[in-house]
């Protein structure tokens, strides 16, 4: 078993089916070096996992890819082109949907309004575009029922939902719009067994439907179960990558903790 | 393997070493019946786990015990006396510390201020009691270093911490004050492997030092690993209890999902 | 219809709604208004005479329009302290144009544009400069009233225009034109807030700016838009004000500021943003106008009026709690 | 010392602090004040004459004290719109007691107690009734000024008292007594906010009320306390006001309301609560007073003054952004 | 009233005390609020006279006519500077006392115009006023009351629209009005309209509704008076309900001429401002000033409205200006 160095395009061989490539991405907050020369790639049609300790920089990397932060140096390529998103809207336009760790829900809006936030369905009525509430509510019901166990009413405000129900809504939203890449930042952290199982099913289904998935998780069993490729971050750096088929939970733990280096 | 019915004082036999007992506790929010006749007990010096799907009512039960909500009916006994907490302060006075699912941190305060929130150390200076910042900071450093891996600076504001770092702070706070019962609502949900391991160590240490622990977790492997007793909730009801030694992860899953009833 | 049945089981029962505190909070203004009307009518039967209703509605028109603008701003968790001064500036701009003989239409346009520009400035500074709404609009409060004084050289311009006069005195039945304009503004605002993408984005920006940003909503653009709306409506109010008093004055109109915010808050809109209705502030404005009207009708002494207003405002807000 | 070394590695370097936007936001008022002083002094050398400094400091005293009270309230994410009216009520109570011949001390006490009571009422209604601060204090704004009018029968009481006169004219060097009182109030407030349990609880209540509640802090009690502080300080201000204008007047002092909030916000305190300093609002108040004083010294025309004030207020706030 | 003298120990570099007419005063004025044409006219009177005499004058005003402390701050700002004569129009009887005490201590000339400084307060603070020029607001109200009684010989109910509740000037005018109307007229209601035209309009509408038999309004200033007149017209009661206000601003004079307003008590702020500057000149010349100068007041009605309009902002009648001769 050889350690694949995080050289762009290399892990696992082929370079053509690369969907996302980060090259030496760095970002600091004041004197906190959240990302230091991070390079990694993500293949089309695969589930790629990103693991690492708390504060390792995983969410920060995700936020760079989804247009919230802009890297201070380094380049990001998506679907063949170098990208420089100016806003999350750009990333969504380019086909990247994200389930953020903080879920990015608006508590005072209803479930269906959150699901269609900035993707609202409208009907033209003369010069004005009016929201098609009925269509959105019906579609929302479908989206939610595929995932949640205690299905939240799509007309209830998110404020009333339990932690797990909220997570389900956020995941539905990311999965609900045809996108090339779905990023999930700890999507099952607050979920129960049944919900977790459903989300895992959904992640596999997304892959089978041709989407690529970037999954961040602290649950290594889950990572081993689902992913095709694992990247490991430690203290802002990407310290290694493995094809999942050729690794074990123990090896990943040792990479995460740095035991492998010693 | 016999199913212990959730009869107060019964699970496992002995009744005298009961620390907490809930009898037919019910609570509704509008028409959401979050708790329906919940009865369970918790033994002194043990780790008791509470599991159940999202929205099953676990956090609501915890909030009743820690003085945030008051049950609409039913009784709660703690340490031999019936209790009717009017505020979380009462619960803390009685010796119940809680790590809430939402962490209950104040983002704009520093780590040490959060750790000592409403437990501030003061120095008398004539008629006035002045905060002993130095003492609190020193103590805070000790508390934090036992737990976190990427130790957050105790003087930095919580707003700057990563999700995992915040969780560590909240746990430190609950563990840091001598209490009879420490309640942890999904304490490792956002934690990395190393942090999770440390929290599990800490939970065991708390037990060994004579504290009782109520642990809520969706991670059944963890529940089996740590707990002495498991209670299962489903849709607001407590549907069963098991001594951990006599059960398996599979049985718990079937209780949670309701497969056992069919 | 398939769609209808799909939706109906989720429609909350009215009985549940009535038990919900949030529901009452949103309708406190209505309850307050009804109580007030009953009390005043019992004490003085002229209160509900058609003539008095008509004059109350006309008197409320300006406040309603300002409150609608304020609602958009407050829904984004902002506040527009400059509404009243902006209205004054609009009036001053109108006055100068009219005095220069540019005609009614151009003058109206100029008044609205001047006020809208203040809104744009507010919005741009707040959104791009990322300065607290409170301090920016406090600054433009002062700056706009200064500009109005400079423009008008501190003097009122008497405007005698038949069209404007009929705007303030004519109408359909007991509904004066200016009140009907206010109703039209409120209806449009309701549609915009609840039936357009923009409206949803306004609520999202107020409720959870970070989440809105993460979903690709440009909260900056939304902020600029709401302040522009508020400014534009202040300009429209300026025209109604001129029509009402027959003059364009550079006077400060301070009472409109606090009253517009009070109407919004009494209308159940949270100052923390993210929630809002248009009907609430509409009724809130009516409540405030009816209150002063009723107290005057009853001949309550001028010294006791502020006390009575204060108590009623607090009681109206307290209603939300007693209903539980 | 062992303790010191334990702590020192965590002390953020100044260079880091200077790069931090939050740091500049908190000190914008100071930067603004320094810029203003430099500009005014360059344009008119009497600006920094001892006499002018002395009169600016005295002029700032009342605003400083009101802003300190307002800071406590704003730190809990509230707002006290009634400060100015409460001060008026305090003055009216003082005036009646003094006119009745009850002597200076009793009159002062009564004035402060009356104002403190308004604060208690605010706090109790807000905390127990759970009504938005804005609407409650808007109500008491009106009610307190009504009470002041009723109490005084709408007439001012001239207060000629040598002790009060020396309070407003005497002092140590360029520091008038009233300014020294304001400094003392600010120092005590700073200690309370940052070196007592209560202060921490105030910040926690404002920053995350649910978390504070979960930790057993009675946010209700904290709310009542901060409004009582604000009311009491308004009462103290009333005495300084009487000393300054030589009369207890029931007329409203509206400009103090917006100025007190402006001073707090310019002082870098967030209206969303949870953060705060005392020195910031202190400097914010000085900035606002120096601004008007400087414009007067320069002989800026009356019409241009509001415009200038508005622009400077926004620029002072913008400073926070340019520093990055 | 003794004349103030220019120059003092603290400002030795300025013109020494002298009795020649060539000695020019350096004048600062602090008046109430410029958002009302009344005060602008006052300023115009000052500016015109200063220009004519070639003396410098700086006019500052409070932010509004309720801004007592703000006005005090402005006076204090000017007090530190090198002016020899201060013209003040205080918002209340005492709000400027502290600054005036400082000026008196420096031997500056203080000319009090329009609203008087409280005599007792001035005495106790050692404030020496060179002269007072102004109209008696009680007197102005009384004139309005008498006129109202003439207009309504049969008696009836009248209402009063005041400024901000608790305002001193408004209070004095209302008091005078009540004295002037006599026994036949009854004041049935007094409302406060905050010196705002819009508020006055709304309040007057409501008052007429409450008192259908109302036959007259006394309004504490012209701006509000125009709003009340409009309310009367809107209610279709033009001519039926009389409206009299105070000030004599141009728009009000025109309204009187047009018959929408039944009268205004013109106070001629122009003359007050002008005489204020003259007083400074006279004091600088070492003349001794009269303690009290009554500024002209005219009851403007439809009969003399043309005359008033022709000379506005100057008074149309002749009036006594004792300073004219002093500065000759």
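Assorted remarks:
Lettered A, B, C, D and E in written order, each chain numbered from 1.
Note that a contact is a pair of C-beta atoms (placed from the backbone, for glycine too) under 8 Å apart; a residue touches a chain by one contact, two chains touch by 3 or more.
These figures come from a predicted structure and were not determined experimentally.
Separation of subunit A from subunit E in touch steps, taking the shortest path, is 2. A comparison of the C-E and D-E interfaces places the larger number of contacting C-beta pairs at D-E. Look at where the CA atoms of subunit B average out and do the same for subunit C: the two points lie 48 Å apart. Averaged Cα coordinates give subunit B a centre that lies 43 Å from the centre of subunit D. The distance from the centre of subunit A to the centre of subunit B, with each centre set as the mean of the Cα atoms, comes to 30 Å. Looking at subunit E, residues 34, 64, 165-166 sit in touch with two or more other chains.
Contact of a single residue of subunit D with at least two other chains is seen at positions 149, 154, 254, 302-303, 305-306.
Within the complex formed with subunit E, the residues of subunit D that make contact are 46, 49, 51-52, 55, 58-59, 62, 148-149, 152, 154-156, 158-160, 162, 165, 168-169, 241, 244-247, 249-256, 289, 292-293, 296-297, 299, 302-303, 305-306. In the complex of the two chains, the subunit C residues touching subunit A come out as 3, 6-7, 10-12, 191, 194-197, 199-201, 203-204, 207-208, 210-218, 274-275. Those residues of subunit A whose C-beta lies close enough to touch subunit C in the complex are 66-68, 87-93, 98, 100, 102-109, 113, 117-118, 120, 122, 128-131, 133-134, 137-138, 141, 153-156.
The touching residues of subunit B, counted against subunit A in their complex, run 29, 32, 52-56, 59, 101, 148-150, 160-165, 167-168, 186, 189-196, 218-220, 235, 253, 256-257. Across the complex, subunit C is touched by residues 81, 125, 129-132, 134-136, 138-147, 149-150, 153-154, 254, 258, 261-262, 265-266, 270-271, 302-311, 313-314, 317-318, 320-321 of subunit D.
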